[in-house]
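Listed below are the structures to be examined.
First subunit A sits with subunit B, and in the next complex the same chain sits with subunit C.
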Partner chain A sequence: MGHINTNSLTYNFSQKAQRNLWILLGVGIVMLIVGAIMWHAPEHGGHEGHEDHTGTLGQRLWANLLVNGYFFGGISLAALFFYAMQYAAQASWSVVFMRIFAAVTDYLWIGLVVIFVVIVAGDFHLHHLYHWQDSSAYENDHILQHKAPYFNRFFYYGRIILFFLGYIWYQRWIRKSNMLEDSLTNFADATANWNLNLKNAAIFLVFFGFTSSVMSWDVIMSIDVHWYSTLFGWYNFAGWWIGAIVVFNMLVIHLKSRGQMEFVNPSHVHDLGKWMFAVSVLWTYLWFSQFMLIWYSNIPEEVVYYAQRWEDYRGLFWITMLVNFIFPLLVLMSRDSKRNKSFIMFVGMLIFFFHWTDTFLLVMPGTVGANWGIGMIEIGMFLAFLSFFVYWILKSLSKYPIVGKNHALAEEGLHHHI
Partner chain B sequence: MAAHKKTIHGIYNDEELLLDGVKKVRAARLKIKDVFSPFPIHGLDPAMGLKRTRIAICAFIYGATGTSLAILMTWYMMVSDWPTDIGGKPSFYYYMNWPAFIPVTFELTVFCAAHGMALTYFLRNWNLPGVSPKNPDPRTTDDHFLMEIEVKDEDEARAIAMLRETGATEVNVI
Partner chain C sequence: MQHESPLRDPLILGNKSYSDITAEIARPIEGKANKYWYLVFTIAVLTFAWGFGCLAYTLGTGIGQWGANKTVGWAWDITNFVWWIGIGHAGTLISAVLLLFRQKWRMAINRSAEAMTIFAVMCAAIFVTMHTGRPWLDYWLFPHANQFGSLWVNFNSPLMWDVFAVSTYFTVSLVFWYIGLIPDFGAIRDRFKMQAKPMQEKIYRILSFGWSGRAKDWQRFEEVSLVLAGLSTPLVFSVHSIVSMDFATSVLPGWHTTIFPPYFVAGAIFSGFAMVATLLLIMRKVLNLEHYITIQHIEMMNIIITLTGSMVGVAYLSELFISWYSGVEYEGYAFMNRATGPYWWSYWGMMTCNVISPQLFWFKKIRTNLMATFVLSIIVNIGMWFERFVIIVTSLHRDFLPSNWTMYHPTWVEVGIFVGTIGMFFTIFLLFARAFPVIALSELKMIVKSSSEYHKNKRAEKAQAHH
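What follows is the complex of A and B.
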C-alpha cells in the first residue's frame, strides 16, 4: 500500500467565499427587516375568551428565532454526538472526516445561546411562545397544575444550564484533545490521548442520550404544554442528525471540488452517503411511529397536536414528510448514486430545507397557530442563520490541518476500501 | 475438446499469497475456474474478474412484490371484503385508513425481499439440502485456500510452474 500524503493540508477559506457569505448574510437581514416593516396584523385573531398573541409581529419573530436557533444548534449538537461516536466505536472509516465533524461542532455554543436567549426572553414576557411561562395560566388548568413542579424555574433553568454547559464543555474539551493529537509524536502519549478520548466519548454519549431527550421536551415540546409524546426526543434527535449528515456531505463535496481533499476516496464518499440514506429512514420511522399511534388511538388530548397541523398546515405537513422520506429512499438506494456527487448534492439540499420546515412545524402551530407564513421574515432569517453557520464552520475549518495524521487509525482510515 | 483440457488445483495456506497468486495467474492469461476459501477475502472478487452481483436488483423486485401483495391483501381484507372499523374511522376507501396498513406493508416488503434473496442465493449456487458439495478439497473449509484453473494441455507445465512460483504448497493435476 502506498503512503498517502496528507502533510500540511489546510483548508483555504478564500476571500471570495467569505465575501459571498457576508453578502448572503446581508441579504437575509435586509429581507428580514423588509418583511418586518411590510408585516400587517392578520384580520381575525385566534380564540375568544383569553388574550391571544398568535397574530403579533413579535411572536412571529421570536418563533422564527427559535426555529433557526434550534435547527442549526441541533445540527451542531448531533455533529458532536456523531463525532464522539467515532471515538467510542474506534471507527477508522471516518478518520478523514474527523476535522470536518469537529468544525461543525464549533457552532454549538452559538446555537445553544440562541435557544437560551429565547427561553429567558419568554420569562421576561418579551414573547408568549411558552404557555407555561404565564403564571396566570395555572389557575384553572389541572394539567398545568400537575406539571407545575416540572416547570419550577429553579429546576427548569438548573437542568437547562447543566445540559448546555455539559455539551459545551465536552465540545471544547474534545476539540482541544483532537488538535493536541497533531503534536503527539511519542507513542505512549498518543496512546494515552487515544484512550482518554475513547473513555470521555463513551461518558458523553450516555450523558447526551438522556439529556438530549429532556432538552427537546423543555425547549420544543413544552410549547404544546398540554400534550406529550414519549417518542418526541428521539424524533427530534433524528432530525438534528440527518441535518448534520447533510452538512458533512456538503462540506466534503465542497472541499473535494476545490481539490483540498484528494485523500478522500469513493469508499469514504459512499459511506457518508449511506448515513444520509440510513438516518433519513430512521427519521421517517420515528415520524411515522409517533404519528400512527396517535392517529390510531384517537385520544382527544393527544390527537389535538396533529389535528392542528391537519387544519392549518396540511400541505406543508405532508410535503415535509414525503420529501424527507421518498427522495433519500429512491434516489440514494443504489450504490452508484451514493458515489455520485450530483445525486448527493440534489438530495442533500432538498432534505436540508425540508428538515428546516420540519423544525418549523414543531414550533409554529403552538406559537403562531393559523397566522403562519413562509415569507420574507422566515426566508430572511433562515438565510442569515445559514450563511453565518456556514461562515463559522468554514472559518474554524481553516484554522487546523484538515486531517489528523497522528490519529491512531489514520493509516487504516486513509486506505478505507469497501 | 474436453480431452485437451486439464484442471489444476493449487493449494495455499495464506490468503495474501492466494490473492497475489490470483492476480499473477490472471495476468498470465490462464483461466481461473473458481477459488475456494473458508472465509470471504477482501478484494478477491475484483482480482478474479467477477462481475458485480445483481442480487440487489432481485431484492428490489422481491420487495416491490411484497409491497404490492400487502396493499392488495389489506385492501381486500380490511376494505373490500369486510370493511373493518378502525377506531371508529370511516373505511369506505383504502386511503382513509392507510396509516394502519403501513406496518404490515413494511413487514411483508422485508419478508419477501429477505426470503427471496436467500432462496435466490441458494438456487443460484445450487446449495440446497441433499445436494452433494462441489468443494474439491475439504481442507478449504478449515485453513486452506484452493485455486482451480483450467488449461489446455500445452499450457500445463507453465501453469504448474506459475502456481509453485506464487507460493502454492501443493499442486494437483486432476
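What follows is the complex of A and C.
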C-alpha cells in the first residue's frame, strides 16, 4: 500500500476490447436502422385543429438523439464538476482517481455538440421537439408570447454558446494543467501547479453553478414550454452527477480487474462507493421535493407535467424512481458492500440504465407524448452511444499515465485510510 | 497509517502535550470567571428577563398583543421560529456531515456548535408553542389517545410533519452532544479528584455516567457515535426541508416553489455557520483558546459561508427568473412587490446581506481577518432574518383579494420576546462555557500526532535530516 508500481502506469486499450466496442456500436446502429425501417405510424393520430408531430418517425429519432446527447453529455459535464471540486476542496483521497475523472471529461465536447446539433436542427424545422421554435405557435398563445424575449434566437444561442464554450475551454485547460504534473521534478513546482488548479477550479465552480441550471432550462425544461419548476436545474444536475459517479466506479473496477491500480486501497474504493450512495439519495431527495410539492399543491399549470407522466408513462415513471432510490439505499448502506465490487457493479449498472430512463422521461412526454416506446430504436441508439462513450473514454485513458505521481497531495492520498 | 501533507497548516498551535490540552480546556471550569464574563452574563440575563416578561404578558392577555392580523396571520413569530431553527443547523452539520468527510478541523468547533444548535432549537420552540394562541393546549400538536378528547392531528399537514421533524432533531442532537461529552466529563471528574474537590467531583461523576476509559467503554462509545452520526445526517436535510414545506405546499405566490427544500437547507447551514463564527470569535478570545480555534478554522467556516451563501444566491435568482418566466401574473406580482413594494427594504437588505456580503470572503485578506469575519457573520444573520421576513410577511400582506391588503407592524411585545430569546440563548451559552468543556477534548487528542504544530515541525525536521 502506498507505493506505485511504475510498470503498470499506462492503460493498454487492447485491440480485442476496441474491436468488441466497435461491434457493439455496429449492433446498436443496425438495431436503430432496423427499428426505423420496421417503424409504423401509430393508429391514433393527432389532435384535431392543429398539426401533431408526436407520431412521426423523425420526431422519435430526434427525441432519442436528445435523450442520449443530454444523458452522456451531462455525465461528462458532472465529471468535470467533480474533477474541479477535488481541487477546490483540497481533497487528497481522490488523487488516485484524478486521471479517471479526467478521461470521462474528454467526452464533454462531443456530448455538447450533439445537444447543439439537436437544437439547431429544430430551427431548421427538421423536428418539432421545441414548441418555441415554431413561429406559428406564438399566434394564439399568450404565455409563449410572454416568453418570446427569452427565446429570442440571438439571446438563446448567445448564452448556449457561451456556456458550452466555457465548459469546453475549462475542460481543455484543466486537462492540460493536470497532465503537466508528469513533467514536474520537484515538490515546489507541484505545489505551484496545484495552487493554480485550485484557484481556477473555484472560478469554474462559480461559472458552473450559475450556468448549469439555465442550461437545463434551455435544453430540457423548454420542451414543455408552458411548464416551470425552480428546482429543475438542481434536479437535472443530480442526475448527471450520479451517472458520472457510476462511470468512475465502473472504470476503477475495470482497471483493477486487469491487475492495474494496485495503489487503490479498500479505503479509496469505499469512498467512491459512498459517493454512489450519497448522490443517489441526493437525487431522490430532489426528485421527491419537486414531485411532492407539485402534487400536493395541485395547481393545474404545474401538475399537468406529472399528470402526463402519470397517465402515459406510469410504470416507467415509478420504476425509475424506485430503482434509483431503493437499490443504492438498501444495497450500499453497509460498509462491506461499498467495498465489494460485485455489489457496486450490480447497483451501478442498474441505476445507470434507470437514470437513462429518467432522462427519457424528461424528454419524451413533451416530444412524442403517448406515442413512446422502448424498442429497437431506443435500445439501438443507447447501445451506439454507450459503446462510443466507453470507447472514447478508454482511448483517452490510454494516452496518459493512469495516476499523477507528482500531484502535490499524492503522498497523503496514497496513504488514505478510513 | 495516517499521513498528512506538509501543505496542510497545523490545527493545534503551540507545543501542546496531551496534558496541556486537558488543562487548558478544563481551565474555565476550574477557575473563576473574569469580569467580562459577568458583564456579558448580566446583560444576557436582563435581556432574557425582559423577554420573559413580554412572554408572560402575551400569555396573560393573548396574542392580540402582537401585530399579526387576519391577512398577515404569520409574521414575527414564524420569522423567528425559522430563523432560530436555521441557526440550529450548523451543529449537526459539523458533527455528522463533516465527520463523514473526515474534516479534522471540525474537532475544535463541534462541541460548541452542537451546544449552540440545541439552545437555538429551544429558542425556536418558544415561538411555535406561543403562536398557537393557547399554549396550554399545545399537547394537541402530538397525536394522543382519544381518551384525552377526540381531537386527532392532521397527518396530511406539513405543520404536523414539522412537529415530528423538529422534536426528532432536538432529541437526536441532544443525545449526540451528550454522548460526546461523557469521556470529557470523565476527564474533568478525575481532575477534580486530584485537586481534592469532592463536591465538584461528585457532580462530574454523575454527569460522566461512570465513564471508566477502558477499551470496552471506548468501543461502545465509538459504535454509538457512528450510529448517531448516521441518524443525524438525514436529519440535517429533513428538518429544514419540512420547515420549507410549511410554505411550499401552499398555493401562495412566493411560497409555492419547488426549490424551497434544498434552498432552505443551504440557507440554514449558511446562517448556522455565521452564528458559530460569531460565538467562537468571542469565545476563543475570552477563554484563551486561540491555539485551538485558529485562523484556519475561521477561514474554513468562512469558505462554507461563501459556498452556502452563493447557493442561496442562485436560488434567489432562480425564483426571481421563474416568477417572470412562468407567466403567472400573481407570481410575477409577488416578486415585483418584494423588490419594489412597501417592504422593499427587507428584500434589498436580504439580497445585500446574504448574497453580496459573503462574496467579500473571496479575498483571503478578509476571510482571515477576525474583525471582518465578526462583522460579516452578524450581517449574514441579519440577512437571514430578513429572508424569512420577506418570505412570510411580503407574501401574505398582499392577499388574492385586494380588499384584504394590509400592512404588518410589529409591537413592542413581540420585539421584546425576540430580543429575550437572544438573551436566553446567550445566558445558556455562557453557562455552558463555564461548566462544560467547550472543545471536545478526547476527539481533539486524536489529531495531535497528525495535525499539531509540534508534531508537524518534528516531522519536517526529520525529513530535513534525511536529505
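Annotations
Everything that follows uses one rule, which is that the second predicted complex is superposed on the first by the 406 of 418 C-alpha atoms of A that agree within 3 Å, B and C clash if a C-alpha of one lies under 4 Å from a C-alpha of the other, contacts with A are read in each partner's own complex, and residues count from 1 in each chain.
Rule of thumb we're sticking to: a contact is a pair of C-beta atoms (placed from the backbone, for glycine too) under 8 Å apart; a residue touches a chain by one contact, two chains touch by 3 or more.
Please read all numbers here as calculations on a predicted model, not as lab measurements.
In this overlay on subunit A, subunit B clashes with subunit C.
In the superposition on chain A, A:G26 contacts neither subunit B nor subunit C. By the touch criterion defined above, A:E301 lies against subunit C but remains apart from subunit B after alignment on the C-alpha atoms of chain A.
Shared-chain residue A:S334: touches subunit B; no touch with subunit C. Of the two partner chains, subunit C is the only one touched by A:G209; subunit B is not.
By the document's definition of touching, of the two partners only subunit C reaches A:E412; subunit B does not.
In the superposed model, A:G373 lies in contact with neither subunit B nor subunit C. When the shared chain is aligned, subunit C comes close enough to touch A:L286, but subunit B does not. After superposition on the shared chain, subunit A has more residues touched by C, the comparison being subunit B against subunit C.
The interface of subunit A with subunit B overlaps its interface with subunit C at residues 292, 296-297, 417.
Residues of subunit C touching subunit A in their complex: 1-5, 7-8, 100, 102, 234, 237, 241, 245, 248-251, 256-262, 310-311, 314-315, 317-319, 322, 325-328. Residues of subunit B touching subunit A in their complex: 42-43, 56, 60, 86-89, 99-100, 102-103. Residue ranges on subunit A touching subunit C, taken from their complex, read 2, 90, 92, 142-143, 146-147, 150, 191, 194, 206, 209-210, 213, 217, 226, 228-234, 274, 281, 285-286, 289-290, 292-294, 296-297, 299, 301, 408-409, 411-412, 414-415, 417-418. Put simply, subunit A touches subunit B in their complex at residues 288, 291-292, 295-298, 333-335, 417.
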